[in-house]
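First up is the structure itself, then whatever we jot down about it.
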Amino acid sequence: MADAKIRVTVWNEFRHEKKAGKPAEIYPQGIHEAIAAGLRPDAALSVRTATLDDPDQGVSEKTLAETDVLTWWGHTAHKDVKDETVARVQKRVLEGMGLIVLHSGHYSKIFKALMGTSCSLKWRDIGEREIFWVCKPGHRIAKDIDDHFVIEKEEMYGEHFDIPEPEETIFISSFAGGEVFRSGCTWKRGAGKIFYFRPGHETYPIYFDERVRTVIRNAVHWAAPVANAPKQDYGNRKDGWWK
Amino acid sequence: MADAKIRVTVWNEFRHEKKAGKPAEIYPQGIHEAIAAGLRPDAALSVRTATLDDPDQGVSEKTLAETDVLTWWGHTAHKDVKDETVARVQKRVLEGMGLIVLHSGHYSKIFKALMGTSCSLKWRDIGEREIFWVCKPGHRIAKDIDDHFVIEKEEMYGEHFDIPEPEETIFISSFAGGEVFRSGCTWKRGAGKIFYFRPGHETYPIYFDERVRTVIRNAVHWAAPVANAPKQDYGNRKDGWWK
Amino acid sequence: MADAKIRVTVWNEFRHEKKAGKPAEIYPQGIHEAIAAGLRPDAALSVRTATLDDPDQGVSEKTLAETDVLTWWGHTAHKDVKDETVARVQKRVLEGMGLIVLHSGHYSKIFKALMGTSCSLKWRDIGEREIFWVCKPGHRIAKDIDDHFVIEKEEMYGEHFDIPEPEETIFISSFAGGEVFRSGCTWKRGAGKIFYFRPGHETYPIYFDERVRTVIRNAVHWAAPVANAPKQDYGNRKDGWWK
Amino acid sequence: MADAKIRVTVWNEFRHEKKAGKPAEIYPQGIHEAIAAGLRPDAALSVRTATLDDPDQGVSEKTLAETDVLTWWGHTAHKDVKDETVARVQKRVLEGMGLIVLHSGHYSKIFKALMGTSCSLKWRDIGEREIFWVCKPGHRIAKDIDDHFVIEKEEMYGEHFDIPEPEETIFISSFAGGEVFRSGCTWKRGAGKIFYFRPGHETYPIYFDERVRTVIRNAVHWAAPVANAPKQDYGNRKDGWWK
């Protein structure tokens, strides 16, 4: 991807924002537009959006083939995402597409399929203070982020978070109520890089926050696939080195 | 499980051995009986067998509730294992049941569901020499195993093996044809321990081999769940430490 | 170690407690005696203590040869531990001896030698509330521990904690001041298992706390070496499998 | 490092090549010049060399401050590298400098200091065939490398290789004699990325091999530090979030 732009598809369930209420007030054009707006200023990225109610649920073979990094936000409609859609996305991740799973996306079918665990957690939604602490200084995803940052009002997510041991723990959060959460974690599946990033409850303007936007932008750069990654040929090998 | 016995269920697809041919000659009572015979001499274990054509595909809620460690061998009938069966087994693994996946079980629905990857590999079946090298000396699974052991005739499995980076690489194999394979690997999912162990092609008497039996016996001890593991309560937490 | 007892050596710098002051009031016989008192009721363990001012700094070749698990508490005298002492302990860990590093032991020469990092952290000593959250339910080290526990007065340690990515993160702490810390982590080095456990500032009666004692007791069982672990022979191999 | 060039320092013990014999015949200007020649065509890199007998053993504070990635080859003179030199290099790695350790560098003081293990292995030097298998397709370090490549004559290194479990296993080698080796592994220590790469015995022209040069070039790009990585401030924190 040295020269070419990184092709990002920002996917959003886009259901909350269509009903009257806080999410619609905060995100009148949808959460995806707020996330995309945080990425578009980066000249190295070419950004499109997609939503659940688009044809092929927004992630057709063609769209996925043209996507280097996919960001995923969902909450109330995980069950509406078809298994064939999940299979399509998972296949592309294994081929090398980066995946950034946001907030309540922890319960999405695609994240659970890639993790193999329940991805359960504790939660409390009263709008409390969250402090993000950097646990991997120098990591690409923590670029330009100081040793911590604070969000004054967020939904709480608490441990135990039922995920496989992260390959890298980039952020750990504490909440005013005393809970902790591994709020920025990475894994690899096949040739694809996966980043889970916690913030983003639909009733707070989280995706307008510059620190949050910086982390997502960093993660897109980190998760972009490597050019000239030869495909593996699996299956039967007749030949061997017999001499 | 300090005092109580470790309750092992040896699961086998049990299809090859019902047809005339090499598998039936080598394993007249089925592969499961050969694996179980390697475990029964261990007084710390209580061993039962189960097969795909048993009621509830051999793994009913009741059987799983009474199982500490499940071993899984399958090959030609992975697709016949129902999704509800896979879901039942996966749930128990996350609760703490150990799972030992053998040989062609790498393509089983349950292993792929827990790994999140394709679990693809290269293979060649001409009966060639395999050398198992210990990469984690001192590990419970390598107990009583010297720095390597040799099997004269096996099917070859070769890298790339599409699995998440193992948490522990216990054995790496080389084959006469020059290929290599991570033939003994561990992961954790939820409270459950998972061990993949490569040997066991149905046309060779692998499960009568004392070294192979020792490794499986070791793995059962390693994978057994911990007693008094308090259940997690996920979901909404009203309370916090506000003072 | 199936039948034999696990031989534990509880090592303590033992300097604070010899001077007048809070540590001496809380631990009149030394921190090591409080830690040992938490282990002795376990019939599976045989427990001895050792301190910096003992011959061979408490860890002679003979003592180490007779030790399955070593626990290490130090604070003000890390620099007094001789390099040859560190080399002796490190060699035994690589051979399989378990090592449990406690609280300010994060800055001990032996922990830094095994980690390869600075092991630096943030701290504040005003006696604030610490909440330990279990991040690996079902792990041997979390046996009998509920989803969290609270210590009302402790020194704060905060991220970033400069350690290699833990192989397992068992506990994460939050503090009243808002910081977080990976307060229970595991690694393996050679055949040896290592557990770092955060609590234990000398001015609070932490090692009389039943939850803390339970975790250390669990960790000793987890870290005990495996019997019949064949030694590796390194160096020149003349032979190969040439046929 | 987005715009600026990656500053590479190629360090070589440079002792073998000064005596008459095979190494001098193959590498008349020293192994470092052959490695540097494989990097210099890459316009994104600015390459210098350094050797053990240079002032400050080739790695002064100033040189290290101007180095983004350091490659290290040593064999017969590991003991001549001063502890203060090792401390200087280790400090820079923790700050973010990438380190690529080559072949017999597995026994260098700096690699052992960062790993915390003995880094022992088996070996045999008769010039046998080595096959490198890619275990992490799509990784930056495997860019442009097919699923495997073969070197006809190399020294054998065999497992068990006493290293901490790699964070990523990029290559595994098999040898004509039947041994296997994790010949391309990554770790992180502090903000620094570390890659160990096996090939490079001084009696074979390994560093003229295009595949080997490609991997080292890839590794330099992978190991380069991230720009704008804020420094951590460790130590006493007076303030907290008390409200």
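A, B, C and D label the chains in the order they appear, each numbered from 1.
Here is the rule we use: a residue touches a chain if its C-beta (ideal position, glycine included) is under 8 Å from a C-beta of that chain, and two chains touch if they have at least 3 such contacts.
Only a predicted model underlies this, so the values are computations on that prediction, with no experimental measurement involved.
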So which chains count as neighbours of both chain A and chain C? B, D
Cα centroid separation between chain A and chain B, in whole Å? 32
Centre-of-Cα separation between chain D and chain B, whole angstrom: 36
Going by the touch rule set out above, which residues of chain B reach two or more other chains? 129, 131, 134, 136-137, 147, 158, 160, 165, 167-168, 175-176, 178-179, 188, 190, 232-233, 241
Considering only which chains touch which, label the overall pattern as line, ring, star, complete or other. complete
Chain A residues touching chain B - in the complex, by the definition given at the top: 90, 94, 113-118, 120-124, 128, 156, 158, 160, 162, 164-165, 167, 175-179, 187-190, 232-242
In the complex of these two chains, what residues of chain C are touching chain A? 129, 131, 133-137, 147, 158-161, 165, 167-169, 172-175, 178-180, 182
Note: in the complex, chain D contacts chain A through residues 96, 129, 131, 134, 136-140, 142-147, 150, 167-168, 176, 188, 190-192, 225-233, 241
